[in-house]
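Chain lettering (A, B, C and D) follows the sequence in which the chains are written, and residue indices restart at 1 in each chain.
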Amino acid sequence: MKTHIKVLEKVRLKKPIFIQGLPGIGNVGRVAAGYLVSELKMKKFAELYSQHFLPLVLLHDDAVASPLRCEFYYCRGKSRDIVVLTGDSQSVTSEGHYEISGAILDFIEGLGVKEVITMGGFAEGKEVSVPRVIGAVTDKSVIKKYGKMSIDFGREHQIGTIVGASGLVLGLSGMKGMEGLCLMGETVGLPVMTDPKAADAVLHILVKILNLKLDLSKLEKIVMEMEEKISRTDEVHKKMMAEMGKQKEENVRYIG
Amino acid sequence: MKTHIKVLEKVRLKKPIFIQGLPGIGNVGRVAAGYLVSELKMKKFAELYSQHFLPLVLLHDDAVASPLRCEFYYCRGKSRDIVVLTGDSQSVTSEGHYEISGAILDFIEGLGVKEVITMGGFAEGKEVSVPRVIGAVTDKSVIKKYGKMSIDFGREHQIGTIVGASGLVLGLSGMKGMEGLCLMGETVGLPVMTDPKAADAVLHILVKILNLKLDLSKLEKIVMEMEEKISRTDEVHKKMMAEMGKQKEENVRYIG
Amino acid sequence: MKTHIKVLEKVRLKKPIFIQGLPGIGNVGRVAAGYLVSELKMKKFAELYSQHFLPLVLLHDDAVASPLRCEFYYCRGKSRDIVVLTGDSQSVTSEGHYEISGAILDFIEGLGVKEVITMGGFAEGKEVSVPRVIGAVTDKSVIKKYGKMSIDFGREHQIGTIVGASGLVLGLSGMKGMEGLCLMGETVGLPVMTDPKAADAVLHILVKILNLKLDLSKLEKIVMEMEEKISRTDEVHKKMMAEMGKQKEENVRYIG
Amino acid sequence: MKTHIKVLEKVRLKKPIFIQGLPGIGNVGRVAAGYLVSELKMKKFAELYSQHFLPLVLLHDDAVASPLRCEFYYCRGKSRDIVVLTGDSQSVTSEGHYEISGAILDFIEGLGVKEVITMGGFAEGKEVSVPRVIGAVTDKSVIKKYGKMSIDFGREHQIGTIVGASGLVLGLSGMKGMEGLCLMGETVGLPVMTDPKAADAVLHILVKILNLKLDLSKLEKIVMEMEEKISRTDEVHKKMMAEMGKQKEENVRYIG
């Protein structure tokens, strides 16, 4: 089995914007993406499988096994449709990150996506009382576009690199001529634990960008529901984070 | 050399059910599969080789070398034929697990297999006096089908993941529309040693499912015979288990 | 995404000579190459991407993300044109070094390159007051050609191996029938820090070979400007060096 | 660059027998093969390169770089021709061993080889005063054929596995229908050092099998000459052995 995307439903989308939130530091991206999928009642239309995930199956409903996967969801909007990618895992190998990110970009290019937003956490290494949202882009013009939002584009908070799928999908989207934005919510980072506050901060920016009306007060509740599922895959997350963690120096803060 | 299956005999099978028991925790699956092959006088008809096995040859009969491989056996039944896969090794790489499991599924799909049973051990981390058999499935309907057997489908004993070929072949069989069941016999887990009691527990369930009449009293004797062969490949097993063990957190019990 | 070279401008070059300086010990090669690109006002015409780089993006101008890459530059000369390769990273895997070096050679062969010069640092493990330049070649005839330059071809300073892209591109160029020279500037080696003196020593040889008139007094200033960019990618370099360092025994001095 | 064999001279061989001696424990195989090449004045006709070797070049004659490679030699005999493979390195990855062994077998099959002899060392872990030669085969019939030679086919000295190219080329030759023999000379094993005595023991058997008249008294002298070259590649050997060593348990003696 190689990295591949299984299409469950062929969809024609109207000016789709692509939003990605995969597991990572603080599970910020995954929680934010999961919230969108749940609140917007999005529909799954494709699944991504890869030999670069851990070689195991998850047991849902106690005894029903499913391979690790990422899932593409969509919903219709007034002026434009939304595609969300979330899932169980990121790659556990360095090469796999490139392969999976490449597969994602080829797929969404086929859907007509011209705009990409990836979401992740930024590990501060200490408690964060009011998490900021740090941004990165494919081109300076994107900074201008979102300049009035409360996103810190490195003026106060300079970071050097973005590791993993949040970074690579952003970077590769630029190479495909897409307009890309990465939103990172500040979080403690270690130990690995889901941080709803950081996800909330990212979501507040995102609903403005998407011009959505979402009741963010429900987030905590939804996070608690997700936690149950997430805890069941703790092994996967810890291993994945450990693998990704190998790729940083101690004094470099991880961004996932 | 890439992962490939060498067909020794072309067979046409009647409604074949596929049963897999590879080396792993307690060698539960391998012993159970070896017992079936021996007692049912099954015939080998294919061999699987892979570059994801350890790069060594085993010496049988003292001096005759053979590469590591897995072996497919079959026998005729009244209403349906049986295919068993057992062998020397599982993959020692993460990607290899996906590649080998994928090759197995493509092969048995070609044989017309619609039902899959994988067997393994579940490491309790402590002595088990009367080993239970824990089950996982591809779909809830399979739980119903086997509901009256003494299989614990997570009601009392919840597990989160199944690592390695037992898990992946189960999970991928579901993706191919096959009906899959994984039977795991409780065993100590560490140190690595063959556990005939756990294999016996799994076999008791299996003979009922297959509606076979096997003299399970001979199991201990057969296990002793297998032990000789198994001890010769101890290096392979320990290395394989060590590689697979890297993929778990300390507090997660291994399932092989 | 696989290793590939993205051509930005199709160029026809006159008897091009190829010069490579990638990150490595003391950043000797990279600094020397960067100096050439800057002083000769060279133009970028191709980029190399690879799944064997670290899975991350760099943030330039604070917030603009770009994937790790190497870059090909060219400039016109009187009698012959010059091609320079420099970049963010070397491979972090052993296989990747072969894949990337092979891709580089296929590309420059297509450009008509017949001469190759790779530049790197040689880690002495101690302070070096006046760094020598140590040379290696594809053929003894090349030693004769450059015999009057102040290059130590192993008469006083014997080294056994050259690890990484400096070595492999040299070695593989010989297999393609090209004439290759590797210039290594002596440097401390550890800790990892940019060594302008060693780069200066290599550049002094290089400008003679290329018959260029460059103001090398500006090197220190340019290095300081590069340092800013380099420090931002410290994580990448340290990781890369750590990976490459694994491949040496303690008492073998690293050559990059 | 992928594993490939570069043919320098197209040869038509008469009933060729293939003999392999690559670096490994005690350098037994390599020394024995080197001796044959030297004494029989064999001619190089092909080279094997692979991305599974270490990513470095060796410097011969002080400053002339060459990529790591294995080399095929041949010489004419009265009744049959001889092909010898020796070289700088074995694979440093597990998959690479399979890939390289497969490439070797495909190549010699094309040459018409029906008989294969691989040579290596067997690490006893203690001083060996009179090294025995331990044998392994592809088929019991081969034991009969060589039964009168002083080869220990496991009657007194049982070993379980043969790791690396000596083992895999033997094992895979059997799968190709060739007749294979592996000769392993007993040696200390650790620390890694060339053992001419063990090579001598293997050569004594080999000259009988090949019906050659070689002056084995010169071996020590030739080994000393080889040592110089071998010491220059110490880094490569140690790394390679370290990589291969990872694949054994402490109490399993390494066979290379």
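Operating definition for what follows: contacts are C-beta pairs under 8 Å (C-beta built on N, C-alpha and C of every residue); 3 or more make two chains touch, one makes a residue touch a chain.
All values reported here derive from a predicted model rather than from experimental measurement.
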Fraction-based call for chain D against chain B, same above half, different below: different
Of all other chains, the one whose Cα centre sits farthest from chain B: C
Averaged-CA centre spacing for the pair chain D and chain A, given as whole angstrom: 51
Distance from chain B to chain A - Cα centre to Cα centre, in angstrom: 36
Sequence positions of chain A contacting 2 or more other chains: none
Topology of the chain contact graph, where touching chains are joined (line, ring, star, complete, other): ring
Touching pairs - complete list by chain label: A-B, A-C, B-D, C-D
Chain D-touching residues of chain C, taken from the complex the two chains share: 91, 94-95, 97-99, 101-102, 135-140, 143, 153-155, 158-164, 167-168, 170-172, 174-175, 180, 182, 247-249, 252
Chain A residues touching chain B - in the complex, by the definition given at the top: 1, 6, 49-52, 54-59, 61-67, 92-93, 232-236, 238-239
